[in-house]
Each structure stands twice: as C-alpha cells, then as structure tokens.
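What follows is a pair of complexes built around chain A, which joins chain B in one and chain C in the other.
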Partner chain A sequence: MSNSDQKTFNAMSALLTGFNEQLIAPQVDPIGLPKLFLQWATDHSGGDCANLLATFASLQAIVPALSTDEIGSVIMGVSPDPTTGEPIDENQTAVAQAILKLWYLGSWYQPFDIAGAAKGKETVVSDQAYIKGLASQSMQSHAMGNSTLTFGYWDKPPAASLQVTTGNDEVSAGGPPDTSGWGASA
Partner chain B sequence: MRLLKLALLCCVLIVGAYAIYHYQIKGKNSTEGPLASGTPQASAMSTTVSCQGADHVITNGAAIPHLPDASMIASEDISVESLQCSFDAYSWDLFLALNHDADGALVTGGSDDPTVWESWAESSYIFLPDGATPASTDGSFPPRNVPAECAGLHDGAMKIVLQIGKRPDVLEEFTEPFQSGPLIDANGHYSRFAISVNQSMYDYILDNELYNKAGQKTFSQAGNEVNFSCSCNEGTDADGNPICAQGGQQGAVMAKAAWKVIDTAKNDDPSLFHTVEALVFTEAAKDGSRPAMCEKQLVGLTGFHIAQKTSNDTQGLWSTFEHADNAPTKGQGADKPKYNYFNPDCADCNAVNEPPAQPWNPDDQPLSDARIGDRSQIERVIAIHQDTDAMNAQVQSELLAGTVWANYELVSTQWPTAPTAPNAAPTAATNWCSAINEVDKSGNPAPAFLANTTLETYIQGTVPQASSSCINCHLNATMTDGQFSDFTYLLERARGP
Partner chain C sequence: MSDPDYDIIIVGAGVAGPIIAKELSQAGAKILIIEGGPETPPTNREEYMSNFLLNTVKTLESPYPPGMGANPAKEATPRATIAQTFGNNVSPTWHADLGAGNYIYNADVSYLLQEGPQPFLSGYKRITGGTTWHWLGTSLRFLEHDFTMKSTYGADDPDYPMPDWPIVVDDLLDAYGRAEHEIGVSADVSIQTKELAQIGLKYSDGYSYPMQEIPPSVLDVQIAAALNGFQNFINFEGQQVFVTSTPAGRNSQPDGNRRTCAGNTNCIPICPIQAKWDGTVTLAGAQSTGNVTFKSQCVVTKVVSAGYGQPVTGIEYIHWENGPTKITKSEPITATAKIYVIAAHAIETPKLMLMSDMGNGQTVANSSDQMGRNLMDHPLYLSWSLMPEQIFGFRGPLATSGIESLRDGPFRSDRAAWRCEIGNEGWNFAIGDPWTTVSDFVDGKNASHTNANMDRLFGAGLIEQLNSHFTRQWRMGFLVEQTPEADSRVTINRDNGIVDGLHLPRPVINYKLSEYTRRGFASAEVFSRQVYQMLGATNFTRNAQNLTAADGTEFPNPVWFENPDRDMFEALPDALKAPELCANGQAVPDGFTYFGAGHLVGTYRMGSVARTSVVDSHSRSWDHSTLFLVGDGVFPTITTANPTLTLAALAMRTADAIKAQLATTL
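So, the complex of A and B:
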C-alpha cells in the first residue's frame, strides 16, 4: 500500500468511526492496526476498497469543502455523489460498512462474495484488532478476556467523557462524566 | 455551556496530538540532556550511539537520569522505532548510574564494587513480621529481620547489612519467575531474587503507612490512591507553570535482581559477573520435612530490572538487562560453549522454557549430574532488536571494556506510548506525575511484550494476557485491600492485622 492510500484510509476511518484520526492512527503506534486493516480490506474486496478510497479522496477534494456529514452520507449511499449526481457503487458502500465494523469489533464481515470467502463470513482479523476494538473503548470497557483497566474499576464511574474517549468534541452521546456518582450527566 | 464546549475542544486538541506533544515536551525540558540534574560528571566517559538516524549520547555517570531525552529526534521522524532508541539510551544511562560504586567511583575496570541499588532497602526491610514499623530513615535503611539460621554466619554484628561495601546479604526468594516454578541454572543451583526500592519510594511507603495491612486500609478509606512520586527535571510549561520541584526530583525507582550461585567447581568464572557474597536462605518446608537453612555463597548477577516513574510516564519506564551468557535466542542456535541457563549439549534436558518437574527442594542442591533433566533449559523467545543489539555492543566496548559490566546487555525498555490524560500537567499535588490515561491505563506500551529470561522465564512470548508485558502485568497490582498499588506488587507483601 502506498503512503497516500494509507493516509486516505486513515482519514476515511476517522470519518466512519467518529474517532479522532490521531487516536486511531497515531504517529507513535506500537500496534499498527491501520496498516493491517487497509491490507485486509484490500485483500477481501476485490478492487472495491481501492475504488472506495478514490471516491473518498475525490469527495475530500471538492471545493468548497464538504462537511464530514455530507461526505459520510455519500459514502454510506444515503446521498448521491455530487460529482456524478449518482449514488456510489453499492459494493463501495458495503466495503465502507465492513471497515466501520472492523474498527469497532475487530472482525471483518465479508461484504459480498469473493473467491474463498462468502458474503457474511466473519473473521477476527488479529488478537490486537479484537483487543483494541473501538466498541470497548467507546464505553470504557474492555474486550472479553483482556483488560487494561485496574482491579475494581467496575466499582467506579467511567473516568472520561465520550468526547475524550473518541477525541471528537462533536459526539452528542455521553457527555462529561457524572463525578457525583452513577446517573445521567447534564 | 460555552465554557464547557471550549474546555472539551481543548481536550480534543490535546488528545489529538498528545503523543507528539508528549515527546516534544520531553525534549524541550531536557535542555541539558538526560543528566540535567545531579552531580556534575567531570570524569564521565560517554559514547554517541547513532540509532534510527539520530545521535544519542550515553554517559558513564553517577547521576541517575530523571527523564529520557528525545530532543535529538526531528518531529517528523518521531516513531515507535526512533523513540525506542531514546528510551534504550536512557536505560543504559540508568544502568550505568545505578551500577557505579556506591562510594562514588564510576564504573571502571579492575574492580567489582557494591553498587548504588544494593544500598537500597529490600522488600524484607520494609514488610516486617506482624506489620511492624520499619525504622525511620536518615538516608540509610533500618536493620532487616535476618533469619536466625543466618545470624551466626555474619562476620560481626547485624549492622553489617547496612554498610555500603562488600557485605553478606540475604537472598530468600527462589520462585520469582512468576510463581510458575524455580529457575535452576545449568549447574543445578536454584537462582535467587531480590527487590529493592530507592529512598523516594521507601519514604512514600513509610509516610503513608503502607507497610502493613491496617495502614493500607486506612489509606484507602481516606479516599487516597497510591501515587509514588515521579522523576522530573526542573522547568516550566508554555504558560510558565513549574513542571517539577526546584532543582529536579528523583522519583520512585525499583530494582529487581536475579542471582545465580557461582560454582567454580563447575567452571563458573566469577570475573564474568557482578558478584556478592550472600547469605542464601531457604525457608523450612511447610510440611515440616526439612528445616530452614542458610548458607554463605558467592552469587553472580544474571538479571536486572529497573522501573522508574517519570513525570511523563506515569506507568513507569521498565528497563531490563541480562547477563549475556544466560541463554541462546530461539531459532538462532547456541553458539556459546556454556550458558547460565541452557545446556547446549544435552539430550535429556528439560523441555525448553518449561518449569522443572516438581518436587522443588532448594535445600537439595546442586542437583546431581544424574538429574540433568531437572534443570531449567531456557531460550530467549523474542530476539533483542537489532538497534538495541548495536547499542549494547557499542556501550560494552567503549564504556565498559575491562569491567564485569561488559558482560551485561540491555534486552529492551518498555514505555507507554500514550501515557497521560488530556490536561495532565504534573503539579506538586500529584507528586509531579502527569495524570494517567484513564481510557487505557496501560498507556499502550511499546514493545507490547518484554521478558527477562531470568525473571519472566516461563511466560515469554506474544500471547496477550498470558505472555510477559511489564506494564500490563503490573497494572493488575493491588495492595492487600484490593486497591490499585501504582504498578508495584510489593505492597501485597504487607503483613500484620
């Protein structure tokens, strides 16, 4: 994969997941999930992952710039591609959805039939993909069987807001932690 | 609400860039390099190691470095690999400072003197029977509880254990490789282990009465969490706020050592080891089948962990060293005629990296030649990185030639890549530690796995939650009341009511 592809993939992953790009693809990264995920998606989608990246790059290049919501709507097939007036290929949308699930769950859900893998086949991509799934991080929990939380964490309110766990101040759910104890925050 | 949004935006901006920010700050504050605080080193020798395109100065000095220095790495070159070089250079600085003569002389040829860390308090000084209070300190440590079986072997009074100089000491732990079994060397002797803490860590335990169970309970019930102090260099942040105590601060440091009996009858060469004449104590069997025993023996250092909390690395920096002749690396062949924990010419040896079969009787040693299969047969599972290997070779040849320390090598340094929370600036109230990353308290360490063949012998590998990772393992450490103990298992040793 080229550096350009990787950068595009990282930016698209940030948009799809709602996480800050620096959190999911940090410069100092001892795990290397972005590279693994791009390789995996490329190997299991025919040419549709490359096509999706090209689509995303073209949407990013539009002037004046589209908002992340607008780009997301096109990628997810909700809105037409403003450069063509047509929805993007449905396989590209299926790959985007598979990449989104890959980040959150650490598993690849085969989006359509390819040689050697039928649609719907689920594969845990790696132990670290499972451990580092964003679903766990979003709720300040941990993947079953692996925890980097300290003993007795379950007895305390979550330490950080969803904005902190995702690095994204635009997330609307969660809010700052209720430091007074259990319960909804303001 | 506007203020809240602004605060959140600040958080996000800091989170977004905090890995880079974290290391740039380090460099910015390390204006004089890793030895910015401490004794001037007029006679220090140094060598410059080129690693991942940056030059790192490693100094044979007496001052314990407070922080790694990454200022020589250009911001666009910051990566796990380039930062690893900085942490490894820091580890060597730390190793050299801790192993210089406690009387002040630097590591030089011709002698093997007691070291700085050997003058620190060992765990048995601190966690006394019935939870008794260790004596307060005036820069030295109180007498330990020397087992009766050892008392008669001292040359003179008990106070000899306080002396900085060649002295007998007591080594009593023999199941350190994670309670999974003893480490029995190639000559059939059980290896021994000891954990020491520096003055800062000792004082914190004493001041907060964490040396017994009742004190720990009281501490927790008052709403406190254990937070040992962090090492830092004097400086200010961008807003002019101090980021460390005036003059810098030496924070908590732990040293863990593995020792083997030097058996000259079996061709062990003491000149290849840092050695100590020690009283080696073996507890009585719980079933009463054998009494406690104590022997005076010459032991050599084979493994050495150092863990230091720094203001930016709240999880600690974990440096691990070994004797170069401990074990071959898996898949690379055994190219030495003799290893400390591997027999290269043995058809009936124990399975590689499996604990010896029970029963384990440390009073029945050395094992007879017929019991060749009851010894540990150890290989290193994860090879030392080529950058670290090159750094080792340069330090050994340029700074340590002619000393016993030239026979020791850095395995690696584990460090947290995302250690702190947003807005985590250290203050005096936090013992100059930055607030920990609450989302991932491990700080996502690099390398992900790290093991010393003498200390994590049987849990080497790369299986999450099973193989050795210093930070991830110590993240589970608690006091006797189940509360987090700040990355040390020592506090579990507290006794008393």
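So, the complex of A and C:
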C-alpha cells in the first residue's frame, strides 16, 4: 500500500468516524490499525477500496472546497456527487460503510460477494481491532472485557468528556437522542 | 471384597464437587475427582480471552472449547450453548414436525435434543471449573418462605404446584455463611437486611460477609432514587419496592493472588483477571491438601450397584484424548470408593444416572421414578428501554443491583414471583449492542427500532447519536420462578442413533412453562411499565411472535407464548397503556418471549419421603446409602434467587453428612 493511499485512507477514516485523525492514526503507532484496516479493506473489496479512495481524493480536490459534511454525505451515498449529479458507485459506498463499521466495531462485514467471502460474512480482524473499537469511545467506556480503570469507577459518570475521548471539539455530548419518527410500535 | 481405591469419588469439578472435596480432604479423606472436560490451568485464561476477542458471536460459550459451531456428534464433551438455540437452527416447520424424531433445534448443531413443547434455553460448561467460568457471580440467599411454599401459600389448594423443601431456612444459615466465605462474597449484612428482612432474608446472629459490598452503578442510584419506598405497584398491594446492591462472588479486595474487580463488564462470558470466583479456585484449595487425586478428560459413564437397597460398588469412566483426526478413548475403567458423589449438574447427572442400568430393567437411584423430572430454569423476561438522562451503561460489573423486595408475598398463591436484575450492559444482552445500533446508524437500517428514519450517519452526527443512545440504554431481567412439572424432564433414548463423540446418548429434553409461571411474565410487564412511567423512560422491548426464514416466510418463534392474562391488561389505567411504556407498543400484549438464565435445577429433587423424591435432605440417595447426588438438581423448587450460593451451602451440608457417615459406618 502506498504512503499516499494510507494518507487518504486515514483522512477519510477521520472524516467518516468523526474522531480526530491523531487519535485513530497517531504518528507513533505500535498497534497499527490504519495499516491493517486499509490492507483488509483492499483485500476484501476487489478494486472498490482503491476506487473509493480515488473518489475521496477527488472530492477533497474540488475548488471551492467542499465541507467535511458534504464530502461525507457523498461518500455515504446520502447526497449526489457534485461533479456528476449522480450518487457515487454503490459498491464504493458499501466499502465506506464497511470501513466505518470496522473502525467502530473491529469487525469487517463483507459488503458484497467476492471470491472466498459472501456478502454479510463477519470477521473480527484482530483482537486490538475489537479492543480499540470506537463504539466504546462513543459510549465513554471501554470494550467489554478490557477495562483500564480500577475498582468502583462505575459509581461515577465517566471522567473524560466525549470531546476528549473523540478528540473532536465539535461533538456535543449528552443531548437527547433524535426522537423524530420514534414510536414503540415502529 | 477388596479395599476400595479411595474414601470418596467425586464426579464433576464445577462448584459442588470442589467444595465437598475441599471440606473432606482437609479432614484427611483420600479423594478422587473425576472431571469429564479438559484441565483449565490459569494459563488457559489468556487463550480463552483470545477466543472471546476474536469470535464474532460473543455468546457466553464463545471463549471455551469445543469451538463454536462444532458438531456435538464429533466432540467428547459437547455441551448446551446459547448459539445452539438461535432461530437459524430452527426449521420453519418445527411446530408441525415435533415428536416424530424431530427436535426444535437441528441435532447437528444442538447437543440437547429438544422435544418441546417449548425449548429449554440455558447452557452449561464441561471443562474443569464447570459452568462458573461464565457465571455472573450473583450470590443471593433464599428467603424463609422459599422453603415452605406449599404450607405457606398452598396449604388449602390440592393443585398448588409448589412443594415444601425437607429443610427450612434456619437449617442452612450456618452453611450459607461457610459458602459465602468459600466463594468470597462481597456484600453488607446491614444493607441487605435493612430492606429485605421483611421478606424473610435471614443471617446467623453477628454474621458478616467476607468482603465489603460492590458499589452500585450510576444507573442503580438513579433507579433507587425514583423507586425506593414506593408501594403502589399494581399486583403488589402494600409491598414496598427497594433497589438493593447484589451480593456477588466478585472481589471487592484482593483475595490470595486474585485481583480486585476492575469493572471489565464481562463477567459473562469471561472475567479477564479472575476477580470473579470460579470452581477452579476451590479445586486448587482441595488439591493443596495433598489428599486429592484429580483426573481430567475422564467421562463417567456408569454408576454400579446391584439394586435398590444395595450400596454403590464402583463407577466406570472413559479417558479420552483429541487425536489429530479423531478422538481416542480408553476401554471403561472402574474405580471404587466408600462414598460416591455425583456433582455433574442438573442435566449430566440425570443423564449419567439413567445410563446406569442395574441389569434388572432398573436404573440407579430411581425407585421413585423422579430421576430427570422437574427440570427448571428461571425463564427470564427481558425488558429494555432508554432513559431520559444519561446513566452511562456498559461500565462496571454486568449487574450490581436488583429489585429483591418483591420476591415474596401473598400473590405467590396464584402466580410466580420474580427478582429483577438491573443490567449495567446497556442493550448488549437485549439486542446485541453495540453491534446492532452501530450497524443501524451506519447502514441506514432499523433492527434496533431506534432508527425509524433509517438515517445513515457519519462524523460528529454519528458520534452524537451513538453517545446519546448508548449512555441511556438499560434493561431489567426478570428471573421468574418456574413450577416443577413431572413432564419437564431429561431422558435418554438409546434408539434414536444420535450420540456424542464418545458414542454416549445425548440428553433428550421436554420442557414447558406452566400457567402459574406465565402469569409471572404478565406481572413483570405491568411492573416494568410502572417503572418506565416513574422514570420517564421509553420501552423498546420486542417479543417476537414469529421468526423469518431465509426465504422471507414467517414461522412461529419457539420462545414466544401467549399472554396468559389479557384481562389484567385490559383493566390497567389508560396511562399504563401508552405505547411508549409497553413492550411491542401493545397495550394488551399478544404474548411474551423468554430467555434462559443458565440455572438448571430440579432433576433429582430432595424430599422428606423416598416415594416422591430422589435424595434426602443431605443429598443422599434414598436407594443407595453410599451415593450422594449434589448440586442444584436437588432443589424441589427454584425460588427466585440464582442457585449457586444455595447449592454451595447444601454441598457444605452434604460434606458434613459424609464426614459423619465415614466416621460411624466405616
């Protein structure tokens, strides 16, 4: 994997996950999840991971610059690609979703059939991928089975704010869930 | 007759076996422990943790051998698992096909051969240390009336389903204390008795637990603040509700070389640091006496006796090894002792006993024909909701408090009691979170029922939505008291051709929940609505009546049953019929689904007469004076408390009886 692919992958991962790039892809990184994840996504998506990175890079290059929200919406298939007016290729969006879940859960959900892996097949790509999964940071906790805290911490709310655990000053914690469209019978 | 090989042979190294071994080896008895599963030295914990981390399905069995999905016909010690009871192992026509050699779950996957009419949903372990590898550690005592159900609540009712025990709570107070000290239970007597003495929780005078209590979670404190002292719960007239901290076999301080609990939120399926007690701790204590011989990978296949009224004269076992391609096994080996103790838990013990043919058409210890009958569990009603404020779940031990104060009351004359466990693990148990909710908000799906707009999120929006959900999720688990039923039972069938990897028969299970038990579910649903109303919480519980096959057709969900008491729901005030308080959003529920609690109970019940029970109040077989059958299989009723502390206390009592018997008769 080239350095520039890795850079693009890291930037895209930060944008999609909402986590600070320095937190998920630190300069000094003994665990090496970004490298593992890019390799894994490349090996399990035919050429579509490379295509997705190219799409992401081209969206970043648009002048005047798109906001991160606009870029993310295109990648996730929520808004059309401004250069074509069409959604990006659905396989690329599927790979982006698989990469996002990989960051949050440590599991790769095979986005479409490829030789040797059917759509939907789930794999925990490494023990560290599960342990460092961002889902536990988003809940201001730890992966189940991997507490780094000590006896009794659970009788107080988390010491670190959501801004600290995500490295993202823009997230606002504690707001009520978006309840529009809820209904217990939904 | 030649001298026996040992004073005592104990079959099974879970809870009951090691406790009896420790008590009696310290008194100098020469003991052989025979364990069917592999040894589990402390170094295995790392390997099990690694299995857990890398398994996609993190069910309670996921860390342990044999591997997930192994065919039980090819394993020496296959066991019942939760994954075996998943809907994808049910044939869409199961309902119509049952009984003709067909089982609810595919026999290539499910070790238990389930004949229904309802499925038994709990699993257990067959490795050294037994099922305690994935127990939660909850260590509650039974209540005074738990032992006297018939005389207290059904004296005038010939059809009352609950029998009395042959002992009363006072007979066990001392043994409870010994068991709590062996397990290392963390709790505070004054806190327990403050709210629970009124429902018959008792201790010996001056008693104290060996370790201080485990602190309650943020969630516990919030629920206690809203509920404590309230006494207008429908169906519980005049009874006050309290949230109390749960006594647990979990270290609140270091114990020997075991660490203090660090809140890994993983007691089920595996504590990464062994802060939670398990059977291997006590086994090591027994072995340190030098009086214990331990054999692993030796499955006992027969208990030998010449007939009822005759002693047991030996046991036979097979030693097995996993070879590169197949299992190798020894010829049957015989071992002899003065006393035999079977501690193989409530499914394997009756299976073994029913395999122990005496050559005269009868099987060992079964003159009452009660062996294997009255199989019980705590069928569990799970109710999950979102709080209006953040309560920060997914932190701390899986449960630190519960509602125990409604475990007893006059209502027990016509419907089941329950205890309510408050879960600190969000909706992990309920819907498999964080996986389900994360996937919903990334993929624009709504499996969690919280993404009705099918939003597809990323970036800060995703973080905020997930944080909002995960820090508000919680659940109650109602452990409902099940009635003993003669035809809920474990049997064996040597003619169905379905065996394990040692060619031994597999347990055949018949199981059902009675009307009395089902009514307990209805009262749990009403109670949860009142709790959600008081807290301002929104109910997201789903009781799925149907499952969906791969081709999209729907078929009956085997774990669903019809609401036994529609009238009670019709009569509720309108405020308690609001959809956001109700499971499935239904004011009058069509029905309920249940989970297993891992509590296998009742299959060789104790009693005061031989005609209607298998063992006496010391767990001694009525039919063979040198045979003891121990563990929670002896419970005449399951009560509402988790079973292990009580089975451990009964094991202390059995140890005393064996000590006395060895001293007087031999």
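Simple rule for what comes next: the second predicted complex is superposed on the first by the 172 of 186 C-alpha atoms of A that agree within 3 Å, B and C clash if a C-alpha of one lies under 4 Å from a C-alpha of the other, contacts with A are read in each partner's own complex, and residues count from 1 in each chain.
Just so we're on the same page, a residue touches a chain if its C-beta (ideal position, glycine included) is under 8 Å from a C-beta of that chain, and two chains touch if they have at least 3 such contacts.
Keep in mind it's a predicted model, so treat the numbers as computed, not measured.
Contacts of A:90 after superposition: neither chain B nor chain C is touched. After superposition on the shared chain, chain A has more residues touched by C, the comparison being chain B against chain C.
Once the two complexes are overlaid on the shared chain, A:18 sits against chain C while remaining clear of chain B.
When the two structures are aligned on the shared chain, A:43 is found in touch with neither chain B nor chain C.
Contacts of A:127 after superposition on the shared chain: both chain B and chain C are touched. In the superposition on chain A, contact is made by A:104 with chain C only, not with chain B. Looking at the shared chain after the overlay, A:145 reaches both chain B and chain C. In the superposed model, A:113 makes contact with neither chain B nor chain C. Judged by the touch definition given at the top, the superposed model places A:154 against chain C, while chain B stays out of reach. Counting contacts as defined above, chain A residues 127, 131, 140, 145-146, 149-152, 168, 176 meet chain B in one complex and chain C in the other. The part of chain B that touches chain A in the complex is made up of residues 4-5, 8-9, 11-12, 15-20, 23, 78-80, 83, 417-418, 421-422, 438-442, 444-448, 463-465, 472, 475-476, 478, 482-484. Across the complex, chain A meets chain B through its residues 20-23, 26-31, 127-128, 131, 137, 140, 145-146, 148-152, 159-161, 163-165, 167-169, 176.
Those residues of chain A that touch chain C in the complex are listed here as 15-19, 68-69, 72, 75-78, 97, 100-101, 104-105, 107, 109, 122-124, 126-127, 130-131, 133, 135-136, 138-142, 144-147, 149-158, 162, 166, 168, 170-178, 180-186. Residues 49-50, 52-56, 58, 215-218, 221, 252, 260-266, 270, 272, 386, 388, 390, 392-397, 400, 424-426, 428, 434-435, 438-439, 442-443, 446, 449-450, 452-453, 455-472, 538-540, 579-582, 584-586 of chain C are the ones touching chain A in the complex.
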